[in-house]
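What follows is chain A paired twice: with chain B in the first complex and chain C in the second.
Take a look at the complex of A and B:
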């Protein structure tokens, strides 16, 4: 195609500074969709967070930052923040370690590994609410199959969802059961794409398996690990449906996450203004946390990006 | 308000249309009779088809069996009235949300809405529902055998009557909702065989309840059970019943006078929670995780000797198809401290017509409402699903009592049931949640009864102040 023939197309789409009609036609529907379903609700909920709207009042009065001030002194909000932080830290750490280990293991290409690999991915295909309800049933102390199996071998099953400490552990375990395959999948895909020449050179230089993994494999996997970590951290922080199905935030609010806290205030207690404010606080914490995480990872020397 | 008069078919001239209606009704009754339940019979001298062709939408709970009962009878409804009825039945949280959206909209999509009794103040008190007195008093709009006096008075006060001038539930004569599709309270369930074998009588006092729990507790059967999980009924059923039947008074003052003060940390409040803690050694090992379903499962599989519970579970427990102890289970009023009346919380639902529906459909909505809150429909619901009745006639129907022997006890409980005072304010669920969390924490051993009650007291006072109910 000659330059002259290409000119009309450039004219139709315009330039970055002056978009043409075709650009508006193509982008218009997407922009409209974004405005209606993302930007408007975002601003509407921001406005809501500045009101005292409840089911009782019906119409919300503007209260400025009162909801945010109330949140900062609400022990339940901080309890939910703490629970979310525990869930994110513990579950993401376990998932990354296990996911990387599994990826390296499956990269050995053992016979029949593809079957196990397929089965391994099944949990992440399930809806979290189903996972929550399913595990609640499996861990039922009266008729759950897991407790039954533990008792069958003469052991005493832990109080999975009945004690404050154990309930937190259980939520982390179930989250790891579902999402470790996701980390595995991301890291394994990256592992498959690594250039073999580097490993061959290392072999020639006499590097052992541990040194090869630490000095070559791991640095080259970092982009995938960072992506999986950030994605999972954000996802775990927003965790709601798993909590709803598994523990309903209990016992004694020990597994109430920020999302569940917002849900309770909004849809159980109909404190819409307060619930909106807690959602915005959650967004703020998430934005700050993600920025710090990305900044930290970027600054690490030797990171392959 | 006019007293409604019962008028039988024979008292009026019978038209060809009446005969056809009756014939059709008999045919369908025969068909349903084969399935083991009766169909609602029509008042034949009333024009049921005056709104034929109208399409109505109803929003109702999907957590209980009301929607199933109504769904079973949709064809019947269509034949009787000529109207179409679309049922939407989400779970409670979504129901509340959807209800409020519709009540606040310019035009409600639902001509009929079922609301939880605990939310009457929030929804009816806010003026969202049509006043129904004019409909009830108009014989051209209300079937002659509908009989409003047949509804249980506590249920009527809980969901139907509201004084808008003072914002008081259950006061005055203005009616905004009709009890339905079911009401209910709490009764005492016990294993007759175990009690007889141990030479015990059903517990009439809380001391007797604990004594029986101690004596009947074995490795296979727990001496008692209760809602121990962080569940709505921990506070509303197990704690509240013990609290009021030992002389406790939950609230002092009134929201209107801004002196609505809780008494959760009173000796009765702490005592009621302590009773539950003291029962832990005789309850199922995991009772602190027991909600509604776990207790029903436990009792109906023979693993629990006694418990107090919503009378609505009598159906699953006394139904031989679902329960291993159907013929071994007895019922009685809840225990109480000597000198106190055996009574418990008033539960149940109400049904109303939003003010903001299409005005042309209001009469049709009322007609549909009378159809689904009729004596016959209530009997059908109780018979098929053992749903708690909202009409005295269903509780005392000889056929039903013969089949469902718990009904007299359920009627006693329903007749003495008490509206929980916190349902007088819209923050009811939030207050209940705080109590469930703290009491559950006491049951799992992270705090004692006194600390839990003090924490609830402090949090409730803060919430009531914030909401303007306590100065």
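Take a look at the complex of A and C:
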């Protein structure tokens, strides 16, 4: 601690027991980089959202909150918000339930289970656009193998990506195929790390498997479940490339999520101001959502819970 | 363990799970060896295999359509971006782990929350910046934004690893006359090597599939990345040639397959740092 005392005061970075110069050297490059390439673009985006900039008209004029006002009365915006809400809620709910079930299942330690764990790792590493295209092939109404299998057992397959209601379900299903393993891996890791004595004690006390799961396993898994839920919710909200590959927002905009809506306005229609405003609405929803969630989870690892 | 009906059922479930995970890939692989017309005519596809047709499809995708060079572009861009993110992210993570200055907690949380930022919110400004710097259609035009995307994740993972190293080690080295920076360089880096590998793997993974910024920044085919190349190949031509689309799919899966072999050892730490303690 004598080193701290020797540090010249003018370099102090509000430190208590460390030379401030070290903090500047260590943190400086990272902070500078993020200010230039993350914070500044965010502010630029905010400024864009107050202009009528399009790719066609090079100079955007300041229009105040007009874009936001237009958004709030745009039925397409509310449609996209609604679709995002459905997608995030349904996929995360299914993924958490299935992911926990998988974790418990793999805790049986069946022989050869590690091979299946390795296979389940692949979907979440895959390029989402390719996942979308792959499932379009599997679900193709004319020659897709899934429809063929359903017909082979005498049932009639649903119109996976053709009808408004079913397309939403299909997007959720494919998202679950890709991301349930993520929840599973996190919950499973936690399950492996739980102290075995607790389960032995429960067994000695005569608790059945259901009671043990409900009263002991589940509460101890809760931190991992919450962590996985937060990550999945935010990533499902952010993602748009699965939709790009799978349904391109259709049919009849039934799978146009907020990210896809902002993407279409920005890239396809090149309506930069409007796109920036809609992405700021997303940030607002994210900020409110994560503030609420962060009351329950700690972002930063290592600090005491 | 005795053989019980429950046990047999469990193994059946295990096999079904493996199939649900792997069958879509196998289907894609089968389609990638067919003629366009065979896919439409044979339902389900016959398991006959023709070297000539497979070679034709893969030749078309890898060379004529350029997927091989797109893959190389991705490897170059992602490697450089990940390297820069590690170089500037590791010292920052070390500082957050060891120095407790005013607002360090809030600052760390701000950086970590950038992991959650929707790319759509910054894509247009980043594109305008890259354009203003004249870096459209260049590796640098992708590397610069990608470093910013993977940096929060790298910092996040590295904080977790530094927090596990007892602070007494630093103190001992500092009593021996090391400064903070030289402690990081000479003492910490060798210890934290598994952390560096984990952070690099996950930082790379985080940007490997990036698509939106690339869509804005890259115009020419010469600099397309793997996800952008795949997207243009399967969506530009309508109706899709499904044998070509399936081949594109398989080609994108191969690097991931190789990558997953490397990542197995680190996956749990990389996904759960902070969640599992």
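To be clear about the criterion, the second predicted complex is superposed on the first by the 274 of 305 C-alpha atoms of A that agree within 3 Å, B and C clash if a C-alpha of one lies under 4 Å from a C-alpha of the other, contacts with A are read in each partner's own complex, and residues count from 1 in each chain.
Just so we're on the same page, a contact is a pair of C-beta atoms (placed from the backbone, for glycine too) under 8 Å apart; a residue touches a chain by one contact, two chains touch by 3 or more.
All figures in this text were calculated on a predicted structure; none of them were measured in a lab.
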item: Partner chain(s) touched by A:267 [first = chain B, second = chain C, both, neither]; value: both
item: Chain B versus chain C as contact partner of A:54, first or second or both or neither; value: first
item: Chain B or chain C, by number of chain A residues touched; value: C
item: Partner chain in contact with A:104 - chain B first, chain C second, else both or neither; value: neither
item: Which superposed partner A:243 touches (first chain B, second chain C, both, neither); value: neither
item: Partner chain(s) touched by A:88 [first = chain B, second = chain C, both, neither]; value: neither
item: Touched partner set for A:142, first chain B, second chain C, both or neither; value: both
item: Touching partner for A:277 - first (chain B), second (chain C), both, neither; value: neither
item: Contacts of A:182 with chain B and chain C, given as first, second, both or neither; value: second
item: Footprint overlap on chain A, where chain B in one structure and chain C in the other make contact; value: 142, 248, 267
item: Residues of chain C that touch chain A when the two form their complex; value: 10-11, 13-14, 17-18, 20-22, 24-25, 27-28, 31, 39-40, 42-45, 88-89, 91-92, 94-103, 105, 107-109, 111-114, 116-126, 128-129, 144-145, 147-148, 151-152, 155-156, 159-160, 163-164, 174, 179-181, 184, 205, 208-209, 211-212, 215-216, 226-227, 230-231, 234-235, 240, 242, 245-246, 248-249, 252-253, 256-257, 259-260, 263-264, 267-268, 271-277
item: Contact set on chain B toward chain A in their complex; value: 93-94, 96-97, 100, 104, 122, 126, 229-230, 284-286, 288-289, 294, 297-298, 303, 425-427, 429-430, 433, 437-438, 440-441, 444, 446, 467
item: Residue ranges of chain A in contact with chain C within the complex; value: 3, 13-20, 22-23, 25-27, 29-31, 33-34, 37-38, 40-42, 44-45, 48, 102, 105, 108, 110, 112-113, 115-116, 118-123, 125-130, 133-135, 137-138, 140, 142-143, 145, 148-149, 177, 181-182, 185-186, 189-190, 193, 223-224, 227-228, 234, 237-238, 240-241, 244-245, 248, 259, 262-263, 266-267, 272, 275-276, 279-280, 282-283, 286, 290, 298-303, 305
item: Chain B-touching residues of chain A, taken from the complex the two chains share; value: 54-56, 58, 141-142, 159, 161-164, 248-253, 264, 267-271
